[in-house]
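This is the structure I have questions about; it appears just below.
Chain IDs A, B and C follow the sequence of writing; residue 1 opens each chain.
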Amino acid sequence: MRKIAKSALDSLFAAMSESKKVYLPVDGEGGARYQLWTEGTVLSEAVNTVRSAKDFFFPQTENLVEFKMEGKKLDVIDVRRETEDFVIFGVRACDVRSFDILDRVFLGAPVDTYYKNRREHGVIVSLACNKPAETCFCQTFGIDASAPAGDIVCHMTDDTLFLDAKTEKGEKLLATLEGVTEPCADSAADEQKALIRSRLDKLPLKGLTADKFGGDKTKEFFNDPAWASLSESCLGCGTCTFVCPTCQCYDIKDFKTADGVRRFRCWDSCMYSEFTKMSAGQPRLTQKERFRQRFMHKLVYYPANNEGIFGCVGCGRCLAKCPIQMNIVKVMKKLGEGGDKND
Amino acid sequence: MSVTNEEYRPLIVAFCCNWCSYAGADLAGNNRLAYPADVKIIRVPCSCRVNPAFILRAFQRGADGVIICGCHPGDCHYTSGNYYTRRRMALLFSMLDYLGIEKERTRVEWVSAAEGAKFAATMNDFCKTVAALGENKRLEDLRCKK
Amino acid sequence: MQKVTRDILVNKAKELLANGTVDRVYGWKKGEFAYDVTPALFKSEKELDEFVFGDFCGANVSKYLVAESKKAGGKILVFLKPCDTYSLNQLTTEHRVDREKIYAVGIPCEGMLTGSALKDKVDSVLSVETEGDTVKVETLYDGVKTFPASDLLPDRCRNCKSKKHVTYDELIGEDGEVLDSGRFDEVEKLEKMTPDERFAFWQGELSRCIRCNACRDVCPACTCEKCVFDNPKSGLENKAAADSFEEKMFHIIRAFHVAGRCTDCGECSRVCPQHIPLHLLNRKFIKDMNTFYGEYQAGEVVGNRPPVVNYTKEDIEPSEAVKRGE
């Protein structure tokens, strides 16, 4: 483990920037968001960014391929951008877990090479949450915010940042930082970890459990009448899916450019009326079915296909951002208590 | 207007009402009145057919200026279409200005079927104004650029 | 802050359910925290146990009446704040709701807090209490913080346009007046900037847009069955802004399509997850229409004709319209 004074963070980021681009959460209008580090950029103290860190590996829009016609000749051009190495600094425990969830989707066969390319170029430096918010419930999914995963794991005290490399990638990066950091005992951050753990114990959503959900629960929940009342006021907007670190649905579309056709993909939302529309129409006719799809995917379908791992990481973004304040916690509580079946 | 090859040539989209301005353009042609070939005319049944989205689409697709030409107020073939155009465009242009987009890039002119000379003069003037502004950067879609 | 209490509303709802005037109630349901109140439908006296009313019940429920008033059954009871009544009137004008099936009870409003505005100022909110115009926020790590309510109120409430109910079947408390608000001040500030500054301002704001469509979906004026932005055949459909042009396109068209019908309820800005001041686009249209075509308030009277579908022979020319202020 190595350490650096909090007041010297700039020199740390400068040292990282020598070999890689460094992105970190920065405060701005509307909340914190990831930004490229340049001289003078200040790390945000916010508990998390408004948009999740999935943007780095799975951006909202991405060009896949371009088609150009010349006479009768059709050129297919790979427009993939060569990705440079980059560091995402300050990723929270929940978002780090979200990468595992995305990996299972995009790196399983057939491998999404666009995603894989970026994943290989990215180094994740996680940062334990000193002040988890009231909306946080990562513990429900077995995530320990005091000890996040990541290539390098960081803990911040009032005056010091501790860095602990956990993977080969992390060790390589940390080795380049030896000039600005100094070694310290492996137990140096233990006090901070204990403080965070005591704070996690006091969170209002601490008691929430996902025990009642899992891959084999389709029949139990699918026809619960509670879906109707839960989705009653859902507006059908995409806020929850777009701020979610694990939502991974996308659409592939063509755009006619000045001299050809560009095929790109963009995030899609199961909350939208056009989602997965086919020639026979929309498979989910009303908002109730669309709403059910989102939560069943996170709590039942995803674990069914991925050894019981839930598709939610408890980051709490949807709790903070839903325009009508309906969210996965309310859904889990309602269904977990037996839904409306007893009425 | 003499234009050399090196000069910047703006792309102008002109929405012309079928009954007045389009006929005005015809008259300009018949009378051998010159106006720049940079003007691409789109014929519409009435100036009020022009949905604000058409104007934005024109800019997206590479237009540097958009002009809407209709019958003089009071002379609409459908009695009141151009009155609605007038209100709609006043609001839209004001909004574009509010968003910081150069207001000289959009214009509404009333040109009757008998005003071939006015049509040519309007187009010449509009092309000159837009050429002076240069390329449309603020409402461009980079994907539509060559 | 609020002068009416939950109990007054619940008793009124129970009374109207019992005497058969209505058979369901659109209201607000308690959440996990102080601020996460969800609009919800209550179908029986028993369900009303979960009914809440307080300083976070800002959601304008009138849009839900579009779908709800088409359903079979009796009348629906709604509690409407003054600004919500304008929306209901406008929806009635457009024949989007069946007014006969709605029993509107007007309730006074002292301004509504929003979770997102609150969380901009305070982290980790445990509970919120209001006493008069003071808001006491209990936090996880910083103890109790107090704010004057005006610090936490969103723009729409700080510049409230009217405390008058323009439609109701019954009123709780006293009716207010149309207020002389400063709601166009921000618009004027922008108008006074140079075009370059304005462009930079909006480019910055709109670049944060994630195209979640919340502003559109919450808007009581946006009631098209199929929005052009969702319709692959419209030529305008887009699910994500692939170019900064598409951000502008969406927001210009969104605001333009509700011009003349927008009552300035401010829901668009309340729900924006990226805090884009979308109401400043709508207010620009309202201000322009007032200046060009005379004062007009959408939803003030049922049956009013919005300026964009009206004309006079002496209307201002578009070229003159953009010249003002020069």
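Keep this in mind: a contact is a pair of C-beta atoms (placed from the backbone, for glycine too) under 8 Å apart; a residue touches a chain by one contact, two chains touch by 3 or more.
Quick caveat: nothing in here was measured; it's all calculated off a predicted structure.
Colleague: Give me the ID of the chain with the smallest distance between its Cα centroid and the all-protein Cα centroid.
Modeller: Chain C is the most central one.
Colleague: For the chain pairs A-B and B-C, which is connected through the larger number of C-beta pairs in contact?
Modeller: Looking at contacts between chains, B-C has the larger number.
Colleague: Based only on mean CA positions, could you tell me how far chain A sits from chain C in angstrom?
Modeller: 31
Colleague: So what's the Cα centroid distance for chain B and chain C, whole Å?
Modeller: Result: the chain centres lie 37 Å from each other.
Colleague: Suppose each chain is reduced to the average of its Cα coordinates; what separation in Å results between chain A and chain B?
Modeller: Distance between chain centres: 47 Å.
Colleague: When you check chain B against every other chain, which residues touch at least two of them?
Modeller: Residues 143 of chain B touch two or more partner chains.
Colleague: Note the residues in chain C that touch 2 or more other chains, in rising order.
Modeller: 242
Colleague: In chain A, what residues contact two or more other chains?
Modeller: 255
Colleague: Report the residues of chain B in contact with chain A in the complex, numbered from low to high.
Modeller: So the residues of chain B in touch with chain A come to 62, 143-146.
Colleague: Across the complex, what residues on chain A touch chain C?
Modeller: That would be residues 29-31, 46-47, 50-51, 60-61, 131-135, 199, 202-205, 229, 232-233, 235-239, 241-243, 251, 253, 255, 264, 266-269, 272-274, 277, 319-321, 323-327, 329-330 of chain A.
Colleague: Sort out for me which residues of chain C touch chain A in the complex.
Modeller: 31-33, 35-41, 59, 64, 115-116, 119-120, 123-126, 140-141, 204-205, 208, 210-214, 216-218, 226, 230-232, 237-242, 270-271, 273-276
Colleague: Any idea which chain A residues touch chain B in the complex?
Modeller: Chain A residues touching chain B: 255, 257-259, 262.
Colleague: For the complex, which residues does chain C have touching chain B?
Modeller: On the chain C side, the touching residues are 187, 190-191, 195-203, 228, 235-236, 242-243, 245-246, 248-249, 252-253, 255-256, 259, 281, 284-285, 288-289, 292-293, 307-313, 315-322.
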